[in-house]
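The structure appears below as C-alpha coordinates.
Here the chain labels run A, B and C in written order, and each chain numbers its own residues starting at 1.
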Amino acid sequence: MPEKEPRAKIGIVTVSDRASRGEYEDRGGPAIEKYLTEVLTSPWEKVTRVVPDEISVLKLTLEELCEDQNCCMIITTGGTGPSKRDITPEVTEKFCDKLLPGFGEMMRKISFEIVPTALLSRQTAGVKGNTFLINLPGQPKAIAECLDAVFAAIPYCIDLIDGPYLTTDEKRIKSFRPKKK
Amino acid sequence: MPEKEPRAKIGIVTVSDRASRGEYEDRGGPAIEKYLTEVLTSPWEKVTRVVPDEISVLKLTLEELCEDQNCCMIITTGGTGPSKRDITPEVTEKFCDKLLPGFGEMMRKISFEIVPTALLSRQTAGVKGNTFLINLPGQPKAIAECLDAVFAAIPYCIDLIDGPYLTTDEKRIKSFRPKKK
Amino acid sequence: MPEKEPRAKIGIVTVSDRASRGEYEDRGGPAIEKYLTEVLTSPWEKVTRVVPDEISVLKLTLEELCEDQNCCMIITTGGTGPSKRDITPEVTEKFCDKLLPGFGEMMRKISFEIVPTALLSRQTAGVKGNTFLINLPGQPKAIAECLDAVFAAIPYCIDLIDGPYLTTDEKRIKSFRPKKK
(Lines give C-alpha, C1' and ligand atoms only; values in the text may rest on other atoms or scores of the structure.)
Protein backbone atom coordinates (compact mmCIF):
# COMPACT_ATOMS: atom_id res chain seq x y z
CA MET A 1 0.00 0.00 0.00
CA PRO A 2 1.55 3.32 -0.98
CA GLU A 3 2.19 5.84 1.76
CA LYS A 4 -0.62 8.40 2.07
CA GLU A 5 1.43 11.45 2.84
CA PRO A 6 4.95 10.86 1.58
CA ARG A 7 7.62 12.95 3.21
CA ALA A 8 9.31 15.42 0.92
CA LYS A 9 13.01 14.61 0.72
CA ILE A 10 15.35 17.58 0.97
CA GLY A 11 19.06 17.25 0.27
CA ILE A 12 21.42 19.31 2.43
CA VAL A 13 24.95 19.39 1.00
CA THR A 14 27.88 20.97 2.80
CA VAL A 15 30.68 21.69 0.31
CA SER A 16 33.92 22.19 2.23
CA ASP A 17 37.36 20.59 2.02
CA ARG A 18 37.95 21.09 5.72
CA ALA A 19 34.54 19.85 6.91
CA SER A 20 34.80 16.78 4.64
CA ARG A 21 38.18 15.89 6.17
CA GLY A 22 36.78 16.38 9.67
CA GLU A 23 39.19 19.29 10.41
CA TYR A 24 36.33 21.62 10.89
CA GLU A 25 32.87 21.05 12.32
CA ASP A 26 30.12 21.34 9.72
CA ARG A 27 27.94 24.21 10.89
CA GLY A 28 26.31 25.10 7.56
CA GLY A 29 24.40 21.82 7.15
CA PRO A 30 22.91 21.94 10.68
CA ALA A 31 21.95 25.62 10.18
CA ILE A 32 19.96 24.65 7.07
CA GLU A 33 18.28 21.77 8.92
CA LYS A 34 17.34 24.09 11.81
CA TYR A 35 15.89 26.59 9.32
CA LEU A 36 13.77 23.99 7.54
CA THR A 37 12.54 22.56 10.88
CA GLU A 38 11.36 26.01 11.91
CA VAL A 39 9.81 27.00 8.59
CA LEU A 40 8.27 23.90 6.96
CA THR A 41 4.94 22.65 8.29
CA SER A 42 4.49 19.84 5.74
CA PRO A 43 6.27 16.52 6.39
CA TRP A 44 9.85 16.29 5.16
CA GLU A 45 13.01 14.37 5.75
CA LYS A 46 16.62 15.35 5.29
CA VAL A 47 19.32 13.63 3.24
CA THR A 48 22.63 15.15 4.34
CA ARG A 49 26.01 14.99 2.62
CA VAL A 50 29.38 16.59 3.40
CA VAL A 51 31.70 16.71 0.38
CA PRO A 52 35.03 18.32 -0.55
CA ASP A 53 35.30 21.23 -3.00
CA GLU A 54 35.77 18.83 -5.91
CA ILE A 55 33.84 19.21 -9.16
CA SER A 56 33.42 15.46 -9.78
CA VAL A 57 32.39 14.62 -6.21
CA LEU A 58 29.80 17.40 -6.02
CA LYS A 59 28.41 16.44 -9.44
CA LEU A 60 27.97 12.80 -8.37
CA THR A 61 26.37 13.91 -5.12
CA LEU A 62 23.83 16.10 -6.92
CA GLU A 63 23.05 13.23 -9.30
CA GLU A 64 22.53 10.81 -6.42
CA LEU A 65 20.27 13.21 -4.52
CA CYS A 66 18.19 13.96 -7.65
CA GLU A 67 17.97 10.60 -9.31
CA ASP A 68 18.37 7.98 -6.57
CA GLN A 69 17.02 9.87 -3.56
CA ASN A 70 14.42 11.82 -5.57
CA CYS A 71 14.89 14.96 -3.47
CA CYS A 72 12.47 17.78 -4.36
CA MET A 73 15.02 20.35 -3.23
CA ILE A 74 18.78 20.40 -2.73
CA ILE A 75 20.32 23.16 -0.65
CA THR A 76 24.09 23.53 -0.76
CA THR A 77 26.26 25.57 1.62
CA GLY A 78 29.81 26.66 0.83
CA GLY A 79 32.06 26.99 -2.18
CA THR A 80 30.38 30.07 -3.67
CA GLY A 81 33.29 32.56 -3.51
CA PRO A 82 35.98 33.51 -6.05
CA SER A 83 38.75 31.23 -4.71
CA LYS A 84 40.24 28.54 -6.91
CA ARG A 85 38.69 25.76 -4.80
CA ASP A 86 35.20 27.33 -4.85
CA ILE A 87 33.30 25.32 -7.46
CA THR A 88 29.73 24.97 -6.18
CA PRO A 89 28.03 27.47 -8.53
CA GLU A 90 29.70 26.17 -11.69
CA VAL A 91 28.76 22.57 -10.86
CA THR A 92 25.19 23.66 -10.10
CA GLU A 93 24.95 25.63 -13.35
CA LYS A 94 26.15 22.74 -15.47
CA PHE A 95 23.87 20.31 -13.64
CA CYS A 96 20.63 22.29 -13.93
CA ASP A 97 18.24 22.22 -16.89
CA LYS A 98 17.22 25.81 -16.22
CA LEU A 99 18.81 28.51 -14.08
CA LEU A 100 16.77 30.90 -11.98
CA PRO A 101 18.93 34.03 -11.74
CA GLY A 102 16.46 35.88 -9.51
CA PHE A 103 17.52 33.85 -6.46
CA GLY A 104 21.21 34.77 -6.64
CA GLU A 105 20.37 38.40 -7.38
CA MET A 106 18.04 38.68 -4.40
CA MET A 107 20.32 36.84 -1.95
CA ARG A 108 23.32 38.99 -2.93
CA LYS A 109 21.21 42.15 -2.57
CA ILE A 110 20.05 41.18 0.93
CA SER A 111 23.49 40.02 2.09
CA PHE A 112 25.12 43.17 0.67
CA GLU A 113 23.11 45.23 3.14
CA ILE A 114 24.97 43.29 5.88
CA VAL A 115 28.49 42.86 4.40
CA PRO A 116 29.91 44.38 1.19
CA THR A 117 31.77 41.17 0.39
CA ALA A 118 28.38 39.58 -0.39
CA LEU A 119 29.17 40.86 -3.90
CA LEU A 120 31.74 38.09 -4.17
CA SER A 121 29.16 35.31 -3.87
CA ARG A 122 28.40 33.54 -7.11
CA GLN A 123 25.49 31.61 -5.57
CA THR A 124 22.75 30.57 -7.98
CA ALA A 125 19.59 28.43 -8.17
CA GLY A 126 17.91 26.33 -10.81
CA VAL A 127 15.92 23.23 -11.59
CA LYS A 128 16.89 19.76 -12.79
CA GLY A 129 13.96 17.51 -13.65
CA ASN A 130 11.73 17.56 -10.54
CA THR A 131 14.36 19.01 -8.24
CA PHE A 132 14.93 22.63 -7.21
CA LEU A 133 18.56 23.46 -6.33
CA ILE A 134 19.87 26.49 -4.47
CA ASN A 135 23.36 27.53 -3.32
CA LEU A 136 23.93 29.28 -0.01
CA PRO A 137 27.19 30.78 1.27
CA GLY A 138 29.29 28.82 3.76
CA GLN A 139 28.89 31.20 6.70
CA PRO A 140 26.22 29.70 9.01
CA LYS A 141 24.81 33.11 9.93
CA ALA A 142 24.20 33.96 6.26
CA ILE A 143 21.95 30.92 5.81
CA ALA A 144 18.79 32.22 7.48
CA GLU A 145 19.32 35.69 6.00
CA CYS A 146 19.48 34.26 2.48
CA LEU A 147 16.63 31.78 2.89
CA ASP A 148 14.35 34.37 4.52
CA ALA A 149 14.82 36.57 1.45
CA VAL A 150 13.69 33.95 -1.07
CA PHE A 151 11.82 31.11 0.65
CA ALA A 152 8.35 32.51 -0.07
CA ALA A 153 8.86 31.65 -3.75
CA ILE A 154 10.15 28.10 -3.27
CA PRO A 155 6.95 26.07 -2.59
CA TYR A 156 5.32 27.36 -5.79
CA CYS A 157 8.52 26.69 -7.74
CA ILE A 158 8.38 23.08 -6.54
CA ASP A 159 4.71 22.87 -7.58
CA LEU A 160 5.69 24.01 -11.07
CA ILE A 161 8.24 21.20 -11.45
CA ASP A 162 5.72 18.60 -10.20
CA GLY A 163 7.25 18.17 -6.75
CA PRO A 164 5.43 17.69 -3.42
CA TYR A 165 3.16 20.36 -1.94
CA LEU A 166 5.22 22.15 0.70
CA THR A 167 3.66 24.42 3.29
CA THR A 168 5.32 26.93 5.59
CA ASP A 169 4.68 28.48 8.98
CA GLU A 170 2.98 31.67 7.79
CA LYS A 171 4.19 33.64 10.80
CA ARG A 172 7.72 33.00 9.60
CA ILE A 173 7.46 32.77 5.77
CA LYS A 174 4.31 33.67 3.90
CA SER A 175 4.77 31.40 0.93
CA PHE A 176 2.93 32.55 -2.15
CA ARG A 177 0.98 30.63 -4.78
CA PRO A 178 -0.81 32.60 -7.53
CA LYS A 179 -4.45 31.74 -8.08
CA LYS A 180 -5.03 29.26 -10.91
CA LYS A 181 -5.72 30.89 -14.25
CA MET B 1 9.98 57.05 -53.82
CA PRO B 2 10.94 55.85 -50.36
CA GLU B 3 8.52 56.53 -47.52
CA LYS B 4 9.38 59.67 -45.55
CA GLU B 5 8.48 58.51 -42.11
CA PRO B 6 8.56 54.70 -42.06
CA ARG B 7 6.60 53.07 -39.30
CA ALA B 8 8.69 51.17 -36.79
CA LYS B 9 7.66 47.52 -36.81
CA ILE B 10 7.27 45.92 -33.40
CA GLY B 11 6.82 42.18 -33.00
CA ILE B 12 4.47 41.01 -30.24
CA VAL B 13 4.82 37.29 -29.57
CA THR B 14 2.57 35.37 -27.20
CA VAL B 15 4.24 32.11 -26.18
CA SER B 16 1.58 29.77 -24.78
CA ASP B 17 0.52 26.22 -25.62
CA ARG B 18 -3.04 26.93 -24.58
CA ALA B 19 -3.40 30.27 -26.38
CA SER B 20 -1.87 28.81 -29.56
CA ARG B 21 -4.45 25.98 -29.52
CA GLY B 22 -7.26 28.46 -28.94
CA GLU B 23 -8.14 26.94 -25.53
CA TYR B 24 -7.35 30.16 -23.82
CA GLU B 25 -7.80 33.74 -24.96
CA ASP B 26 -4.51 35.55 -25.54
CA ARG B 27 -4.51 38.43 -23.11
CA GLY B 28 -0.73 39.06 -22.97
CA GLY B 29 -0.38 40.13 -26.61
CA PRO B 30 -3.27 42.65 -26.42
CA ALA B 31 -1.87 44.04 -23.11
CA ILE B 32 1.46 44.75 -24.85
CA GLU B 33 -0.30 46.40 -27.79
CA LYS B 34 -2.35 48.58 -25.41
CA TYR B 35 0.83 49.60 -23.58
CA LEU B 36 2.65 50.56 -26.77
CA THR B 37 -0.37 52.51 -28.04
CA GLU B 38 -0.42 54.53 -24.84
CA VAL B 39 3.34 55.11 -24.59
CA LEU B 40 4.76 55.50 -28.10
CA THR B 41 4.24 58.82 -29.90
CA SER B 42 6.30 57.96 -33.01
CA PRO B 43 4.59 55.94 -35.79
CA TRP B 44 4.69 52.16 -35.36
CA GLU B 45 2.88 49.06 -36.47
CA LYS B 46 2.47 45.71 -34.79
CA VAL B 47 3.33 42.25 -36.11
CA THR B 48 1.60 39.77 -33.79
CA ARG B 49 2.23 36.05 -33.43
CA VAL B 50 0.80 33.42 -31.05
CA VAL B 51 3.02 30.33 -30.77
CA PRO B 52 3.20 27.20 -28.61
CA ASP B 53 5.96 26.67 -26.00
CA GLU B 54 8.15 24.92 -28.57
CA ILE B 55 11.83 25.76 -29.00
CA SER B 56 11.88 25.30 -32.78
CA VAL B 57 8.67 27.26 -33.41
CA LEU B 58 9.71 30.20 -31.26
CA LYS B 59 13.15 30.26 -32.87
CA LEU B 60 11.63 30.38 -36.38
CA THR B 61 9.23 33.10 -35.27
CA LEU B 62 12.02 35.28 -33.89
CA GLU B 63 14.01 34.76 -37.12
CA GLU B 64 11.01 35.73 -39.26
CA LEU B 65 10.29 38.86 -37.20
CA CYS B 66 13.95 39.94 -37.27
CA GLU B 67 15.00 39.05 -40.78
CA ASP B 68 11.85 39.09 -42.92
CA GLN B 69 9.74 41.62 -41.04
CA ASN B 70 12.71 43.75 -39.93
CA CYS B 71 11.15 44.51 -36.54
CA CYS B 72 13.16 46.99 -34.43
CA MET B 73 11.81 45.39 -31.26
CA ILE B 74 10.27 42.04 -30.36
CA ILE B 75 8.36 41.73 -27.10
CA THR B 76 7.44 38.23 -25.94
CA THR B 77 4.95 37.31 -23.22
CA GLY B 78 4.86 33.92 -21.49
CA GLY B 79 7.11 30.93 -21.01
CA THR B 80 9.54 32.57 -18.57
CA GLY B 81 8.99 30.32 -15.52
CA PRO B 82 10.76 27.17 -14.30
CA SER B 83 8.31 24.62 -15.76
CA LYS B 84 9.49 22.08 -18.30
CA ARG B 85 7.46 23.71 -21.11
CA ASP B 86 8.77 27.22 -20.32
CA ILE B 87 11.41 27.83 -22.99
CA THR B 88 11.19 31.51 -23.96
CA PRO B 89 14.33 32.78 -22.17
CA GLU B 90 16.60 30.01 -23.43
CA VAL B 91 15.46 30.51 -27.02
CA THR B 92 15.95 34.28 -26.66
CA GLU B 93 19.43 33.83 -25.17
CA LYS B 94 20.57 31.55 -27.95
CA PHE B 95 19.08 33.83 -30.59
CA CYS B 96 20.62 37.10 -29.39
CA ASP B 97 24.08 38.39 -30.34
CA LYS B 98 24.37 40.18 -26.99
CA LEU B 99 22.37 39.84 -23.79
CA LEU B 100 21.40 42.81 -21.66
CA PRO B 101 21.10 41.39 -18.13
CA GLY B 102 20.04 44.73 -16.61
CA PHE B 103 16.52 44.34 -18.00
CA GLY B 104 15.80 41.00 -16.33
CA GLU B 105 17.37 42.17 -13.08
CA MET B 106 15.26 45.33 -12.97
CA MET B 107 11.98 43.66 -13.98
CA ARG B 108 12.42 40.92 -11.35
CA LYS B 109 13.24 43.55 -8.72
CA ILE B 110 10.11 45.58 -9.51
CA SER B 111 7.83 42.53 -9.74
CA PHE B 112 9.25 41.09 -6.52
CA GLU B 113 7.87 44.10 -4.66
CA ILE B 114 4.42 42.91 -5.80
CA VAL B 115 4.74 39.07 -5.65
CA PRO B 116 7.61 36.98 -4.25
CA THR B 117 7.26 34.44 -7.06
CA ALA B 118 8.68 37.11 -9.41
CA LEU B 119 11.98 35.47 -8.41
CA LEU B 120 11.00 32.51 -10.57
CA SER B 121 10.97 34.54 -13.77
CA ARG B 122 13.94 33.91 -16.04
CA GLN B 123 12.99 36.81 -18.35
CA THR B 124 15.85 38.42 -20.24
CA ALA B 125 16.57 40.93 -23.01
CA GLY B 126 19.17 41.30 -25.71
CA VAL B 127 19.93 42.41 -29.23
CA LYS B 128 20.17 40.52 -32.52
CA GLY B 129 21.43 42.63 -35.43
CA ASN B 130 19.17 45.69 -35.51
CA THR B 131 16.48 44.20 -33.27
CA PHE B 132 15.98 44.60 -29.52
CA LEU B 133 14.27 41.63 -27.83
CA ILE B 134 12.67 41.52 -24.41
CA ASN B 135 10.77 38.79 -22.51
CA LEU B 136 7.79 39.60 -20.32
CA PRO B 137 5.92 37.21 -18.02
CA GLY B 138 2.65 35.70 -19.16
CA GLN B 139 0.41 37.42 -16.60
CA PRO B 140 -1.28 40.38 -18.36
CA LYS B 141 -1.15 42.57 -15.25
CA ALA B 142 2.65 42.13 -14.99
CA ILE B 143 3.16 43.55 -18.48
CA ALA B 144 2.71 47.27 -17.73
CA GLU B 145 4.58 46.89 -14.41
CA CYS B 146 7.61 45.40 -16.16
CA LEU B 147 7.59 47.75 -19.14
CA ASP B 148 7.15 50.84 -16.93
CA ALA B 149 10.30 49.82 -15.05
CA VAL B 150 12.54 49.63 -18.12
CA PHE B 151 10.94 51.42 -21.09
CA ALA B 152 12.88 54.68 -20.56
CA ALA B 153 16.05 52.90 -21.70
CA ILE B 154 14.58 51.24 -24.81
CA PRO B 155 14.51 54.10 -27.38
CA TYR B 156 18.21 54.83 -26.85
CA CYS B 157 19.02 51.12 -27.05
CA ILE B 158 17.29 51.01 -30.44
CA ASP B 159 19.29 54.09 -31.57
CA LEU B 160 22.50 52.25 -30.65
CA ILE B 161 21.63 49.28 -32.86
CA ASP B 162 20.72 51.59 -35.78
CA GLY B 163 16.97 51.15 -35.46
CA PRO B 164 14.27 53.82 -35.95
CA TYR B 165 14.00 56.88 -33.67
CA LEU B 166 11.22 56.08 -31.19
CA THR B 167 9.62 58.74 -29.04
CA THR B 168 7.42 58.34 -25.97
CA ASP B 169 4.69 60.30 -24.22
CA GLU B 170 6.86 62.04 -21.64
CA LYS B 171 4.01 62.19 -19.13
CA ARG B 172 4.03 58.40 -19.10
CA ILE B 173 7.67 57.41 -19.82
CA LYS B 174 10.49 59.94 -19.85
CA SER B 175 12.77 58.15 -22.29
CA PHE B 176 16.39 59.11 -21.92
CA ARG B 177 19.09 59.76 -24.51
CA PRO B 178 22.53 60.90 -23.31
CA LYS B 179 23.96 64.00 -24.99
CA LYS B 180 26.33 63.25 -27.88
CA LYS B 181 29.98 63.13 -26.82
CA MET C 1 67.50 40.79 -3.11
CA PRO C 2 63.72 40.69 -3.55
CA GLU C 3 61.79 43.90 -2.95
CA LYS C 4 60.32 44.09 0.56
CA GLU C 5 57.03 45.74 -0.28
CA PRO C 6 56.31 45.05 -3.93
CA ARG C 7 53.94 47.47 -5.57
CA ALA C 8 50.63 45.97 -6.66
CA LYS C 9 50.31 46.31 -10.42
CA ILE C 10 46.93 47.48 -11.65
CA GLY C 11 46.01 47.40 -15.33
CA ILE C 12 43.88 50.26 -16.65
CA VAL C 13 42.50 49.52 -20.11
CA THR C 14 40.58 52.06 -22.17
CA VAL C 15 38.58 50.26 -24.85
CA SER C 16 37.61 52.78 -27.53
CA ASP C 17 38.07 52.91 -31.29
CA ARG C 18 38.25 56.69 -31.26
CA ALA C 19 40.64 57.03 -28.32
CA SER C 20 42.92 54.34 -29.78
CA ARG C 21 43.12 56.29 -33.06
CA GLY C 22 43.82 59.52 -31.20
CA GLU C 23 40.58 61.15 -32.48
CA TYR C 24 39.32 61.52 -28.96
CA GLU C 25 41.16 62.18 -25.74
CA ASP C 26 41.10 59.22 -23.33
CA ARG C 27 39.29 60.46 -20.26
CA GLY C 28 38.22 57.08 -18.82
CA GLY C 29 41.72 55.80 -18.11
CA PRO C 30 42.81 58.97 -16.27
CA ALA C 31 39.54 58.94 -14.25
CA ILE C 32 40.34 55.41 -13.05
CA GLU C 33 43.91 56.42 -12.17
CA LYS C 34 42.64 59.44 -10.21
CA TYR C 35 40.18 57.22 -8.33
CA LEU C 36 42.83 54.67 -7.36
CA THR C 37 45.23 57.43 -6.29
CA GLU C 38 42.58 58.82 -3.96
CA VAL C 39 41.38 55.49 -2.57
CA LEU C 40 44.36 53.12 -2.29
CA THR C 41 46.78 53.61 0.61
CA SER C 42 48.96 50.55 -0.15
CA PRO C 43 51.69 50.93 -2.82
CA TRP C 44 50.63 50.34 -6.39
CA GLU C 45 51.61 51.14 -9.91
CA LYS C 46 49.58 51.50 -13.06
CA VAL C 47 49.96 49.70 -16.37
CA THR C 48 47.84 51.62 -18.88
CA ARG C 49 46.67 50.53 -22.31
CA VAL C 50 44.37 52.15 -24.89
CA VAL C 51 42.94 49.65 -27.37
CA PRO C 52 40.29 49.64 -30.13
CA ASP C 53 36.97 47.79 -29.74
CA GLU C 54 38.44 44.64 -31.28
CA ILE C 55 37.95 41.21 -29.71
CA SER C 56 41.42 39.89 -30.59
CA VAL C 57 43.26 43.03 -29.45
CA LEU C 58 41.45 43.24 -26.12
CA LYS C 59 42.02 39.51 -25.51
CA LEU C 60 45.77 39.85 -26.14
CA THR C 61 45.89 42.91 -23.88
CA LEU C 62 44.16 41.08 -21.01
CA GLU C 63 46.55 38.14 -21.47
CA GLU C 64 49.60 40.43 -21.40
CA LEU C 65 48.41 42.28 -18.29
CA CYS C 66 47.62 39.00 -16.46
CA GLU C 67 50.46 36.78 -17.53
CA ASP C 68 53.40 39.06 -18.40
CA GLN C 69 52.66 42.06 -16.18
CA ASN C 70 51.15 39.99 -13.34
CA CYS C 71 48.53 42.64 -12.55
CA CYS C 72 46.41 41.84 -9.49
CA MET C 73 43.53 43.83 -10.95
CA ILE C 74 42.52 44.98 -14.42
CA ILE C 75 39.95 47.74 -14.75
CA THR C 76 38.51 48.37 -18.21
CA THR C 77 36.50 51.40 -19.32
CA GLY C 78 34.29 51.45 -22.41
CA GLY C 79 32.68 48.99 -24.78
CA THR C 80 29.96 47.78 -22.39
CA GLY C 81 26.85 48.85 -24.32
CA PRO C 82 24.64 47.04 -26.86
CA SER C 83 26.28 48.45 -30.03
CA LYS C 84 27.89 46.11 -32.54
CA ARG C 85 31.40 47.42 -31.72
CA ASP C 86 30.90 47.02 -27.94
CA ILE C 87 32.75 43.82 -27.08
CA THR C 88 34.39 44.36 -23.69
CA PRO C 89 32.03 42.20 -21.56
CA GLU C 90 32.08 39.20 -23.92
CA VAL C 91 35.88 39.23 -24.08
CA THR C 92 36.06 39.52 -20.28
CA GLU C 93 33.57 36.66 -19.81
CA LYS C 94 35.47 34.33 -22.10
CA PHE C 95 38.79 35.28 -20.50
CA CYS C 96 37.79 34.76 -16.86
CA ASP C 97 37.90 31.47 -14.97
CA LYS C 98 34.98 32.55 -12.78
CA LEU C 99 32.47 35.36 -13.19
CA LEU C 100 31.28 37.45 -10.26
CA PRO C 101 27.79 38.60 -11.28
CA GLY C 102 27.27 40.64 -8.10
CA PHE C 103 29.51 43.44 -9.39
CA GLY C 104 27.56 44.06 -12.60
CA GLU C 105 24.24 43.83 -10.75
CA MET C 106 25.30 46.37 -8.13
CA MET C 107 26.90 48.82 -10.56
CA ARG C 108 23.82 48.76 -12.82
CA LYS C 109 21.56 49.29 -9.79
CA ILE C 110 23.55 52.31 -8.59
CA SER C 111 23.90 53.84 -12.06
CA PHE C 112 20.20 53.28 -12.78
CA GLU C 113 19.37 55.68 -9.95
CA ILE C 114 21.23 58.32 -11.99
CA VAL C 115 20.30 57.44 -15.63
CA PRO C 116 17.79 54.84 -16.85
CA THR C 117 20.09 53.85 -19.71
CA ALA C 118 22.38 52.23 -17.12
CA LEU C 119 20.20 49.18 -17.87
CA LEU C 120 22.00 48.90 -21.20
CA SER C 121 25.38 48.27 -19.61
CA ARG C 122 26.57 44.69 -19.83
CA GLN C 123 29.53 45.33 -17.50
CA THR C 124 30.76 42.34 -15.55
CA ALA C 125 33.60 41.22 -13.27
CA GLY C 126 35.47 37.99 -12.65
CA VAL C 127 38.76 36.38 -11.84
CA LYS C 128 41.46 34.79 -14.01
CA GLY C 129 44.21 33.06 -12.03
CA ASN C 130 45.48 35.67 -9.56
CA THR C 131 43.88 38.62 -11.33
CA PHE C 132 40.56 40.34 -10.60
CA LEU C 133 38.93 41.97 -13.65
CA ILE C 134 36.15 44.52 -13.72
CA ASN C 135 34.42 46.43 -16.54
CA LEU C 136 33.35 50.04 -16.14
CA PRO C 137 31.30 52.10 -18.59
CA GLY C 138 33.05 54.55 -20.90
CA GLN C 139 31.59 57.75 -19.43
CA PRO C 140 34.25 59.26 -17.13
CA LYS C 141 31.66 60.49 -14.62
CA ALA C 142 30.26 56.97 -14.19
CA ILE C 143 33.64 55.62 -13.08
CA ALA C 144 33.72 56.90 -9.51
CA GLU C 145 29.99 56.15 -9.09
CA CYS C 146 30.50 52.52 -10.08
CA LEU C 147 33.73 51.98 -8.14
CA ASP C 148 32.33 53.62 -5.00
CA ALA C 149 29.46 51.10 -5.08
CA VAL C 150 31.69 48.01 -5.14
CA PHE C 151 35.25 48.86 -4.09
CA ALA C 152 34.78 47.78 -0.45
CA ALA C 153 34.64 44.15 -1.63
CA ILE C 154 37.69 44.26 -3.91
CA PRO C 155 40.64 44.00 -1.45
CA TYR C 156 39.21 40.83 0.11
CA CYS C 157 38.50 39.38 -3.34
CA ILE C 158 42.17 39.91 -4.22
CA ASP C 159 43.19 38.21 -0.94
CA LEU C 160 41.09 35.19 -1.91
CA ILE C 161 42.90 34.81 -5.24
CA ASP C 162 46.32 35.13 -3.55
CA GLY C 163 47.03 38.66 -4.71
CA PRO C 164 48.71 41.48 -2.78
CA TYR C 165 47.18 42.98 0.38
CA LEU C 166 45.51 46.21 -0.69
CA THR C 167 44.40 48.85 1.80
CA THR C 168 42.09 51.80 1.28
CA ASP C 169 41.56 55.23 2.78
CA GLU C 170 38.82 54.31 5.24
CA LYS C 171 37.27 57.78 5.08
CA ARG C 172 36.58 57.13 1.41
CA ILE C 173 36.07 53.34 1.15
CA LYS C 174 35.71 51.13 4.20
CA SER C 175 37.05 47.93 2.71
CA PHE C 176 35.85 44.82 4.44
CA ARG C 177 37.62 41.59 5.35
CA PRO C 178 35.71 38.95 7.33
CA LYS C 179 37.45 37.65 10.45
CA LYS C 180 39.34 34.38 9.87
CA LYS C 181 37.28 31.27 10.61
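Everything below uses one rule, namely that a contact is a pair of C-beta atoms (placed from the backbone, for glycine too) under 8 Å apart; a residue touches a chain by one contact, two chains touch by 3 or more.
Source: prediction; values computed, not measured.
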{"item": "Turning angle required so that chain A lies on chain C, C-alpha fit (0 to 180°, nearest 5)", "value": "120"}
{"item": "Homomeric contact chain A-chain B: same or different residue positions, threshold half", "value": "different"}
{"item": "Intercentroid distance (Cα basis), chain B paired with chain A, Å", "value": "32"}
{"item": "Chain A, residues touching no fewer than two other chains", "value": "101, 105"}
{"item": "Residues on chain A engaged by chain B in the complex (per definition of touch)", "value": "97-103, 105-106, 127, 132, 150, 152-153, 156-157, 160-161, 175-178, 181"}
{"item": "Complex contact set, residues of chain C against chain B", "value": "24, 81-84, 86, 90, 101, 104-105, 108-109, 112, 115-122, 139"}
